[in-house]
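First chain written, first letter: the chains are A, B, C, D and E, and each begins at residue 1.
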Amino acid sequence: MTTVEHNRSLFGNLAGALAQLRAPGEGSSLLVAILLGVTLLMSAANLLLPAESPLYVSTYTITLMGKYLCFAMLAMAVDIVWGYCGILSLGHGAFFALGGYGMGMYLMRQIGDRGVYGNPDLPDFMVFLNWQELPWYWQGMDQFWFALLMALLVPGLLAFVFGWLAFRSRVTGVYLSIMTQALTYALMLAFFRNEMGFGGNNGLTDFKDMLGFDLQADGTRVALLMATALLLALTFVASRAIVQSRLGRVVVAIRDAEPRARFLGYRTEGYKVWLFVYSALVAAVAGMLYVPQVGIINPGEFSPLNSIEVVVWVAVGGRGTLYGAIVGALLVNYAKTRFTAVMPDGWLFALGTLFVVVTVLLPKGLAGLLQRGRTTDAETRGENNTGEVSAGDAPAEPITGEARA
Amino acid sequence: MNVTAQARELLRRDTTWPFLVPRQRAVDVSHQVILYVEGLSVSFDGFKALNDLNLYVNDGELRCLIGANGAGKTTLMDVITGKTRCDSGSAWFGRNIDLLAHDEAAIAQLGIGRKFQKPTVFEAHTVYTNLELSLKGSKGAWSALTAALTGEQRDRIDRVLETIGLVNARYQLAGALSHGQKQWLEIGMLLAAEPRLLLIDEPVAGMTAEEAERTAELLTSLAGEHTVIVVEHDMEFVRSIARTVTVLHQGAVLAEGTMDQVQNNPDVIEVYLGEDA
Amino acid sequence: ADTIKVGVLHSLSGTMAISETTLKDTVLMMVDEQNRKGGLLGKKLEAVVVDPASDWPLFAEKTRELLTKEKVDVIFGCWTSVSRKSVLPVIEELNGLMFYPVQYEGEESSKNVFYTGASPNQQAIPAVDYLMNDLEVERWVLAGTDYVYPRTTNKILEAYLEAKGVDKKDIMVNYTPFGHSDWQSIVADIKKFGGAGKKTAVVSTINGDANVPFYKELANQGVSAEDIPVVAFSVGEEELSGIDTRPLVGHLAAWNYFQGVDSEANERFIQEWKKFTGDEKRVTNDPMEATYIGFNMWAKAVEKAETTDVDAVEQAMIGIEFPNLSGGVAKMNKNHHLSKPVFIGEIQDDGQFEVVWETDGLVAGDAWSDFLPGSKDLIADWTAPIKCGNYNTKAKACGGQGQ
Amino acid sequence: MKHLLLTGCLLLALVTTLPAASAGSVVSEQAAPSATPASEEPGGNRQVLLARLTRASLRESAEVLDQLERSGGRAMRGLFAAMLAGDLYYHRETGRLMAVQKNPAGERIGSDIFTGEGLGVQSRGSIKKVRVNNRLRSHLRDAIARIDLMHGTEAQKEGAVLAILDDLSPQNMRLLQVTADAGQSDRVSELIELARAMVELRDSSVTDARLSAIAVMSGRLEAPVRNQLQRLLDDERESDRKIRIAAQQSLEEIEGRIAFYDFMEQLFFGLSLGSVLLLAAIGLAITFGVMGVINMAHGEMIMLGAYTTYVVQQLMPGAIEYSLVVAVPAAFLVSGSVGVLIERGVIRHLQGRPLETLLATFGISLILQQAVRTIFSPLNMPVVTPGWMSGVFAINPVFSVTFNRLYILLFALAVFALLLVTLKKTSLGLNVRAVSQNRDMAKAMGVRTEMVDAMTFGLGSGIAGVAGVALSQLTNVGPNLGQSYIIDSFMVVVFGGVGNLLGTLVGGFSLGVTNKFLEPATGAVLANIIVLVCLILFIQKRPKGLFPQRGRAAE
Amino acid sequence: MIRIEKLNQKYGGTQILWDLDLDVEKGSCTCIMGRNGAGKTTLLKCLMGLLPASDGRILFGGKPIEGRAAQARAHLGIGYVPQGRDIFPLLTVEENLQIGLPARKDKARRIPQRIFELFPVLKDMLHRRGGDLSGGQQQQLAIGRALVIDPKVLILDEPNEGIQPNIVRQIGDVIRMLNEEDGLTVILVEQKLGFARRVGREFRLMQKGRIVAADQMAKLDDGLIRQYLAV
């Protein structure tokens, strides 16, 4: 079996398994199990089998998988706020990228004097811009724990401040969406500026190693993939716990009738802020894992279109179901990988058509398809109520109220 | 105050930081009055919806509020519950709590519950969850994360379900209820919350006479322990529950008294009841 | 394998498609031609085209795909510096071979990359010399898009100009974001700056999409080439094909190749290109020539090495000469950069350039600029005994500063 | 600036021209016989020169041109103008010079350079262009300016004198003297007066005379005046305190005026940027603002409009001047029809799911972009600016307004007004709003909702297409055109208040003006960032935009 | 005038209306009653075309209309006053009324004066947003709006919900007048017995998606009420 076929069957299996979900609770643990299982198998196949073996999984596939899983985590982060709380964030890429930059700064410092100019203190881009010393905000980033902390703290704090301002002032609906977009757009412009000290357009790249392990070694890549899978599983389980807790139910209530929730005594802005911060943190973790695996972080990650794409993954997968977001991200990105290689001139037609078709034919995304396969009557609409994570069938469209009322 | 002074103030050992002082204060009803509304005025784009309105409601009372469409009844509730800011006047909950200084959530936590004129329930949740979310208790995000229903709470929900006649619909999504069922559910949510003061806007609209009767019984039984303010246009219903009736007209109180007094008030007849009601 | 695989890594969608698609077509044309000549080492060439979609991480991923999945023998690709930077670690890790055909900021030399576009000393410095000596320019506007290529080029130029005695006051530097489209204020500022009674010129490192609105604004505000000439390093025939050039006649560009260069090889190349694209109006440009040279040098090197093995080809490449399209011969130097002639052209009303100046001989591309403090002591030399991309001539060691 | 180069060469030319003939009189003498045909001029010398012109290298050409000017004077203007415009060709075999222009059919039509006599269609291979470069062009311009100073129109004379202000050499002053003696209009005389004052200030040693010279110069906005005063103040040798003070005052006055015009200029830039934002957003204000469709394909509708402009220009190469007039309705139809198709084909199925429209229209936008790449190539398409839209409207030497921006500003306002009237005065406007507020109820009231949806989406898309026509005059017409405006458009609509057209207008202009007033202080990038941050903070204050929808229902 | 045969309706999987038959004569005033959730609103929506019927026939003036869209039914002359009023909240009162004008047979361009005679309040409120009106005012507007299309049949879904007593009377009078003087066919869903008795001339009782009793209003006795309307 070639890698392509392997890939294909891999996804076939995944989709098949998902389609067979019997009950939602089981489904979720099944998802985690598949996720970890597949990752483990792939890792073993990569490390233990010789490259000639038909079952060998190439490092390319490993890194690709790692990237997909990061995207899946990001999609899940968006789904938490969008699907469950009706906060359509068109700027989650910002948190992802900030997390990524945090990790990128650490990796950059790890290069040490192995850069092209051999400067032990300054990253290359600072050398050729004639910077004399490390800016204050780069201090301490050579410590892994500190970088990690910052990579969480900064996006978390940004989400907190932004959320606190916006939710307290009751900015909702499209107004909120466009503001998140403005946020990421402003950050993109700022990071493009070379004066910012983050490498401008070129961003941070040419990483060498992480915690002393060579980033180009297969072992490190596999470890990163496993870490990603593990963290995805972890955040998935945590997120599921959250959305299934009363907090999750309050959040859905807020999505559908925020004033009502307030009159019941819920300080809705508080809920929204915390959920937003949590989601931003998940996005940041995804970003942190993403950077060492793809090897570059640049302001393009802040681009509003990137964030919109994430929303599209979620919508394709099925808004309001956590596994839907994951499946959507995996599917769309896999499609992108295949299409760009198989039909480089026309892949946008294919992808565009996919989006249109999914929207028109699968109102609840792929998750809706899976659910439909699960429930006995096929043409059911709006009565899916078996609890779990299926908050997607909300009759009320949060944005409608804004745009239409 | 300059920054250092502020900092020093914050660091004083003998004080508790203001934001740590529990906000919840028990309502002081030592004068028997639970709601004081004085000189309240609200206007929208120059239109006076409330005009120097005064209203006092005793603790444990069941008060009916009637008045023409557009008289300002709903607006009054909006002000009391913090939804609408008023131009002038004051609204106190008991003697000690200034309602105008609190927001909706705080007011709800103080023990003021409300049923809207147009039934609003959480449509994506089941009837049961709707009630669960309405239960009295901590409404903070952190506690919600770990919250689980106690047996007592379950019982309470079951009882409420029974009262509102939705036992069989407990696992239905609230969005799929009929209009009248939503009305009931919203009343149920109020019951679950056990507020001190209930503001109920048109509870029997869309209910059959029989159901209205049941609602009347329910509200009457609530009074005493709770204070209830009901807005309703169904005179039969009002008659069946009313002790004191306040009539609003053009944003101000037109008349107040027993049902009989009010019913025979010529002004009320003219602007509200009509000749032969 | 029974074919030799040629990877093509140019964006066919997204913001860079506008420039890069042409290069993909150029490579395809070269592959065709080579196959008509019988291929290489008795094997046919097979192009493997992927679309990295102007997405930088995707460039890295696609490189990995080309090298490990498709097992290509060589890659022609990238345009922006950031895409190259993204690809670099992967191509080095997997010991691939890439040809990079676009003018760039220098400050780099990788064993696995051959740079067939211009480095700053093959474009910017000659252009400034021309302005200074022939047009007697005394005041300078350095306008660029805010990214590494313009930043570096402008840094080099500032140092260069100051070394030539230009006062700091007479240099205005301006950066704009990618795709900047509202040039009113900046053009007005340039006009004001130029109104101080000294001959002024604009050195433009404005990138891609921002150029059209920039030139349109220049034309509309009546800044003509005789008043304030603009010399650009990123504007070629292809960019001009998207603008009505009549109001821009006389503005300048510096390249190593213009379509208007009179030579037999060029004539043939242009004909072939028009035939290949089936479009009589299609133009050629400098990065295409760079691709052309790179491809042919690679073919020559493969034949010389008699294998497509990267290490062998890499060594064989050094010193290879191949006729360029402007009538001379390009040579691959030890630092993986080319020696090429430099031309200055004036924009004509038909969207072509008229060559008004050219260097006497070939200019060897510098990997490291002589005008930047961090790199003036560095050289790249991939032949024994140095064999590295950043050899410090002072410290006599590889690895930048040397220890 | 232009003057510098021009005068540099002017000087060069004068050095060669004037000494040859005793200054002044010759110039006007030469003018007289110029009506006679070129061939009658003394000596076949000119024919030789003209023949040399076709063969000369770019360096030699300058010399040939000087000689031609000396011998032919005014008669040479046509030749020079043709050469300057790049229209001068010669016949490969006969060597005959001619002006060649393409007619609408693309044929090259030659005409005699001196008589204008038609020489018929020239085949491409038979003629060759006379080469010209920047240096020659400025040479030609100067020569033309010299001819114009004597014989030109008022405007040409004015331009010629203005050019001389940059280089007040004795020769030039003599030339001015001759011009002045011939009697000139007030404006030209005034400028000559100014030139004299500048010379006076520079050369005289009499304080009073210099003071009155400064008085003349005071308040003038011409750059040379400012430069001279500045130089004077910078010059330490200038020790006359009175002069220094007067010059200082004068300069301050000038700078005060300039500051005012700078302000006006920035205001105009801001309004102009605002009009672009408005145009880009206005269609979205309908499809998104009124209908509630999160229309990610809006940018591509703009793009289609811009491509329509390109196609229209390709279809009517002979009538570029009118192309935009045709392009506006054409773009409306093209984008509008695509909009209707999208609505009927996709959006219709998403009723009640407005969020999903984001996904579908995103897909559509990808498809449209790639479609354009496939059909037109990924390259930018050239769109020509018609003559009436080119150039500047110069209010004074420091403040001018470009015609294209001015027209686009007016156009944006006109489109806005038209749209407002459409929505206010026709039943469509009412029906759209009803449908968007309560579709079922609108149906029950007999409103043909499908029709209304299609028409509205078509209208919004059509307007976007019209915006594309305007934008094609300012920016790239390429596959990425739409992407560059979509973010801004959403920003403007939301800032103004969703569903409020007036908000879009005010929003567009205020964002534009703020941006342009920030830009000089902060640079383009930072200005943009600051505007975005302000926007975010503003929305905290007004969570429903500038003009929120009010009333109970909006809560 | 209107005849419904074997109408079935499902929301997703749950069937709401079961083989429902209903016959409304021209010029009659029929009052449909039933408990909450009996399916009254669903029935009216099917009749109006706002919900697709799963199967069954709907005849209007003898012609089948079950396949026609709601807007077509409005043009045929069915006026609808929905439960909850459904005023266009951001349109002014005037605009709310104007919406229906194109559906009139006579193509009048102005709001008929008659509306303001029936509901004088609306005249004073002409330029206020519909959503700002109080409930009672909105209800009057909703009826007025339905009358603008000059309907042959007027469908009202609980028109008295939340209306002050004197206006309830007034609305009752208006309905009666429209029915008696103008010969308008009226279908009325009503819970309040008093009002139903006063206005309706016939009644239909619904239970669980079926019509379970039909007769003249006078015949509505306590037995029926206890059986079908009591809780």
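Everything that follows uses one rule, which is that contacts are C-beta pairs under 8 Å (C-beta built on N, C-alpha and C of every residue); 3 or more make two chains touch, one makes a residue touch a chain.
Chain identities (UniProt): A, D = Urea transport system permease protein; B, E = Urea transport system ATP-binding protein.
Worth saying up front: this structure is predicted, and the values here are computed from it rather than measured.
Asker: Give the chain pair, either C-D or A-B, that is connected by more C-beta contacts.
Answerer: C-D
Asker: Would you mind checking which chain's mean C-alpha position lies nearest the centre of all protein C-alpha atoms?
Answerer: A
Asker: What's the farthest chain from chain B if centres are computed as the mean of the Cα atoms?
Answerer: Of all the other chains, the one whose centre lies farthest from chain B is C.
Asker: Taking the mean of the CA coordinates per chain, how far is chain C from chain D in Å?
Answerer: 30
Asker: Could you tell me the distance, in whole angstrom, between the mean C-alpha positions of chain B and chain C?
Answerer: The separation of the two C-alpha centroids amounts to 73 Å.
Asker: Distance between chain D and chain E based on Cα centroids, please, to the nearest Å.
Answerer: Result: the chain centres lie 63 Å from each other.
Asker: Using CA atom averages as chain centres, what separation in Å is found between chain A and chain C?
Answerer: Each chain's C-alpha centroid was found; their separation is 36 Å.
Asker: Chain D: which residues touch two or more other chains?
Answerer: Where chain D meets two or more other chains at a single residue, that happens at 369-370, 437, 483, 499, 525, 528, 549-551, 553-554.
Asker: Please set out, as single numbers or ranges, the residues of chain A touching at least two other chains.
Answerer: 189, 192-193, 259, 345, 348, 382-383, 405
Asker: Give me the residues of chain C that touch two or more other chains.
Answerer: 12-13, 146, 177
Asker: Touching chain E in the complex: which residues of chain D?
Answerer: 427, 430-431, 433-434, 437-438, 440-449, 499, 549-554
Asker: Hey, which residues of chain E end up touching chain D in the complex?
Answerer: 48-50, 69-71, 74-75, 80, 82, 86, 88-91, 95, 98-100, 102-103, 129-132, 145, 149
Asker: What residues on chain B touch chain E, complex-wise?
Answerer: Checking each residue of chain B against chain E gives 44, 66-71, 74, 117-118, 165, 176-181, 183-184, 202, 205-211, 214, 233-236, 271-275, 277.
Asker: What residues on chain B touch chain A, complex-wise?
Answerer: Interface residues on chain B, with respect to chain A: 81, 83, 103-106, 108-109, 113-114, 116, 120-126, 129, 132-134, 139-141, 144-148, 171-173, 175-176, 189, 193.
Asker: Quick one: in the complex, what on chain A touches chain B?
Answerer: 242, 245-247, 249-250, 252-253, 255-257, 259-268, 270-271, 274, 382-383, 385, 387, 391, 393-396
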